[in-house]
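Please find the structures below.
There are two complexes below, and they share subunit A, which is joined by subunit B in the first and by subunit C in the second.
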Partner chain A sequence: MAITSIKNLKEFSTNNDRFEGAHLLCPGCAHSMIVRELMNCTDDNLVISSNTGCLEVSTAVYPYTSWDTSWIHIGFENSATAVTGAEAMYKARKRKGTLKDPDAPVKFVAFGGDGSTYDIGFQWLSGAMERGHDFTYICLDNENYANTGGQRSSATPIGAHTSTAQAGTHSYGKKQKKKDIVSIMAAHGSPYVAQLAPNKWKSMAKGFQKALETEGPCFINTVSACTTEWKFDPKDTIHVTDLATDSLMFPIYEIIDGHELNILYRPKNIIKVEDYLGAQGRYKHLFKPENKHVIERIQSDIDKNWTMLQRREEAKI
Partner chain B sequence: MANEYELNDVEVWDGNFAASQALRQAQVDVVAAYPITPSTPIVEGYGGYVANGYVDGEFVMVESEHAAMSGCIGASAAGGRVATATSSQGFALMAEVLYQASGMRLPIVLTVVNRALASPLNVRGDHSDMYLGRDSGWIQIDAFNAQEAYDLPLCAFKIGEHLDVRLPVMVHQDGFTTSHKAQNVYPMKDQIAYNFIGKFVPVDEMLDFTRPVTHGAQTEEDWHYEHKAKQHKALMDSRTVIDDVFAKFKELTGREYKRVETYMMEDAEVALVLLGSSVETAVLAAKQLRDEEGIKVGIVAPRCLRPFPYDLIRDALDTTSLKAVCCLDKSAPGGAMGALFNEVSAAAYTTKARPLMSNYIYGLGGRDFAVDEAKRIMKEQVAHANAGHITTDIQQFSGLRGPKLGFFQTRRG
Partner chain C sequence: MSITGSAIGTDKRGIRELGGEEKLGWDEVEQGVVLSSFDGSTENAAFLKPEEREYSDFNSYTATVASWRIIKPVYNRDICIDCQNCWVWCPDTSIISRDKQMLGIDYDHCKGCGVCVEVCPTNPKSLLMFNEASDNDAELAGWPVKEKKEK
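And now, the complex of A and B:
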């Protein structure tokens, strides 16, 4: 059953505390905010899986665990498969009458970083979506392999500096565009797909609730600002995320049944992407004169994408 | 409730169908699988049971073998009986998660239909995939024919799920020679087979919400070593449970299995050690040589590859009559002596008489291994025994075309 009152952040944040604060995530990491929102937005029992990554290595180091709920980690690529295996077992045992409490409500949730979601676990995620299990996959998208020290992933935006796509005298950082994972997941025919951000916590909690309540495989891409690799002060996580959503670098929207697109947040004042890029060390080199064209390209891509999202919303396609 | 399957006292099944029937009778809760030659008919057979109400578990056809084992791990951690099947490249793709399954102590049963590993691509049977699993922390049991391909998965559930064991179990059979060869198989009635295995007892299950559990935690240098040592101990200690399950199975069916099968070893002067369907070929050759030429040949076949039966191999080779032993490895040795040779030689070194040890690589990619060739190798052992040392290269190749290939010579001559 979902928590109905998500008006008061203080109240909401202390509700149903199943993710212990004593974890090893960096100060200012958005992962824990997103995970707590997920766990706070429902009273149902949770079976959670995590891919290898920052979240996993920071929350289940033997003999400790941050998870006061059923939790499993197998490898870098297979959290979707792990949790859907558990979901299949739930269905089998419910049918056979071997569950200890057959009436206990339960939701199945998989977490993965962008490396495991966009890259190494892409096939496992796609397979689980196609099979139609009743689960929700949440990508904690910090746009790089942060757990291993900040290498490029296919979620890294063009122009960002990473340790394997470096900015230098002959390079402006990553050359390729970010993969559009939300469209790809919507194209699977998923009943509910969304891109959400922890600064817009009410829409995030509602989106999570919608995904959990929707039968079938749901996917949510969440923006998880990375203080360590994006290079900003840990106290500025929400500020940087505000700049991300208000510049429309990360538009907040949902797609229902693979086609019905709804924009969930329209910035009153859309800011220039320069303001977002300038707040992070990973884009510092873009402000050199020779890299000006990259910022122009990013802004142009954002403008086109925002136009596309609005047209799709109007057309309901 | 699943429908009962009408079975005759004797059925004509190939190894694949025999294995799928065992999975059906075990009333597996979740089968997560992906097809691959030559194990595909196990999964297809199971699909038939699902479609016709003979099982009421979940059948999850995933997008790769890696996902198959990943799904099995998630399902097993959720507290039920789990099984799957694979071969060769699929087994290799699973390799990462095989280690996870054993490290997480999840009693999954994997029926492996042995097939060569590419490259070059080859669908025929050899033991490359079985050998790839040697260090994965799974119990590995080897079926030599279709009857055993039915019997041993039933035993595997009972062994792996035993609360003193809690380890995943592979049951191997040879691709095509066993998997696709129809033979007489004596099945048990459904209820008898199920009762033999017993109900699944969940341990630390993810679906008991009164007691949240964390599966697959991280350990670094402070705890990893202890964890792996305990896992090794569990494997080693499973020997007594395996023996006990085999004893119970014999009581029920009259069919006897041992962790090491021995044939005519009591007075044997030379012996072959080998695995899989070739064991029957070797036993036949040994009987013929005894009848035809009075050569006292014995056969040793490790039924259980893991935990490796070091003690029982030693016991089998620790006779006063035995002079020369040849270990036959059906896997590309990749720059080493055959793995079976290495492990059996280590056990033989602890015997009083220390027989002469030599190694043949054979049967790669399904190359035939016939009775005449087995006899030739046996006679070669007699020559070693008479000379008192290995008279050929220590590692040789059976049935290989082109120039003779061999490596290393003894200094005992």
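And now, the complex of A and C:
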């Protein structure tokens, strides 16, 4: 496998981009930062499939495609199924000797938004994980169905305002907690599962390379700040992601072989979750006096989760 | 309901022509739209710089989103330290960087989000946002100077 150097940004920047501009994602969208970084991590041929979602509708608007690799879109739920089918066919043709260039290294990658990963494509993803194909699934987690107008998904955190879980006099937004997809995928016995963020480009690039190198089904959940539905200024994408990782709303860690948890980023100064919530318009109702208990609950959930992660890392379980 | 169609192949627009009376068998699938990113041979693009590639008309590289911008980034080569922060975080592949050097901004693909300005570490910043209608040279002439630390 031809992995590219990620020693420092200068060397990383000598890679030739395979994700072209003039796609129609919003200005400041983190989706394309993540996709570009994945494609710059390796020189191998890539076979990519995308679930329906922001990434799919914006990068393949007829008559244009933004992908310089093989790319396929089928349905909302089955990017994992499509890419594992391609992988099975590739292996079969390699065995039969009917490939044009059998020695060329090929990697199989599936992209999905959080709606298609946590909710709609969950069964298909679980099936692909169980069958044990050699592919990497990357979830671009922006915590709502941003493509269709910001409905709640099971990735939306408690207290967030969405178009179908609105904040008002009788409600403080979504009342349910976020699904812990990383643990669910680790429980499938996947050889490499991680949660990464684009603001820490090096740990993200390392995680991507590890997932691509590892044989078997790997899963990566990436934080993708959504300027439209999280309601912040497009220029602040990296700033908001910084706040997310430093407040431990999104801890960055990996789980190898279903156990052996490693924390990849420990913030020097752990900030209060209010700073993260206050930077976004979708949480602004939480700062009313009657909703203070929601912030306290979010903070206590974060603290418990961080303690759990640290203990798991210590005990290597 | 049966799907009718004949295997004529894809036309110039990448769409397979439909028509004819021939019906598809149960194990045949009508092909969707296929767009090729490059003209001629499709070698691994990872080994080709953008200027060495033969982009086809279907590649969004040949399109432009410049009309989305109301503010634009202007680049000052004199202050830049080639840290490449703007390159790694640009969502629109609009920072032109070759051989570890930042060369400039691709105004055909830039949407003016301003992420590059926010992540620029120099003092004063080597990238700043200005009104789309303003003149680059005039803005470069009036570039802010280094702020002195208050004691």
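As a convention for this text, the second predicted complex is superposed on the first by the 308 of 317 C-alpha atoms of A that agree within 3 Å, B and C clash if a C-alpha of one lies under 4 Å from a C-alpha of the other, contacts with A are read in each partner's own complex, and residues count from 1 in each chain.
Rule of thumb we're sticking to: a residue touches a chain if its C-beta (ideal position, glycine included) is under 8 Å from a C-beta of that chain, and two chains touch if they have at least 3 such contacts.
Since the structure is predicted, the reported quantities are computational estimates derived from the model, not experimental observations.
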item	value
Overlay on subunit A: subunit C relative to subunit B, clash or fit	clash
Touching partner for A:K178 - first (subunit B), second (subunit C), both, neither	neither
Partner chain(s) touched by A:N45 [first = subunit B, second = subunit C, both, neither]	both
First (subunit B), second (subunit C), both or neither touched by A:Q123	first
Which superposed partner A:D101 touches (first subunit B, second subunit C, both, neither)	first
Partner chain in contact with A:K200 - subunit B first, subunit C second, else both or neither	neither
Which of subunit B and subunit C A:D68 touches, first, second, both or neither	both
Which of subunit B and subunit C A:Y90 touches, first, second, both or neither	first
Partner chain in contact with A:K210 - subunit B first, subunit C second, else both or neither	neither
Partner chain(s) touched by A:G28 [first = subunit B, second = subunit C, both, neither]	second
Where subunit B runs into subunit C (options 40-48, 76-84, 166-174 or 364-372)	166-174
Residues on subunit A lying within both footprints (that of subunit B and that of subunit C)	45, 60, 62-63, 65, 67-69, 104
Subunit C residues touching subunit A - in the complex, by the definition given at the top	13-14, 33, 35, 37-38, 44-50, 53, 57-65, 68, 82-85, 87-94, 97, 99-100, 106, 108-115, 117-119, 129
List of subunit B residues in touch with subunit A within their complex	29-30, 32, 56-58, 60-64, 66-67, 70-80, 82, 96-97, 100, 104, 200, 206-210, 212-220, 223, 227
Subunit A to subunit B touching residues, read off their complex	45, 47, 49, 56-57, 60-63, 65, 67-75, 77-78, 81-86, 88-93, 95-96, 98-101, 104, 106, 123-124, 126-127, 130-131
Interfacial residue positions of subunit A with respect to subunit C in the complex	9-25, 27-33, 36-37, 42-45, 59-60, 62-69, 104, 198, 201, 227, 233-239
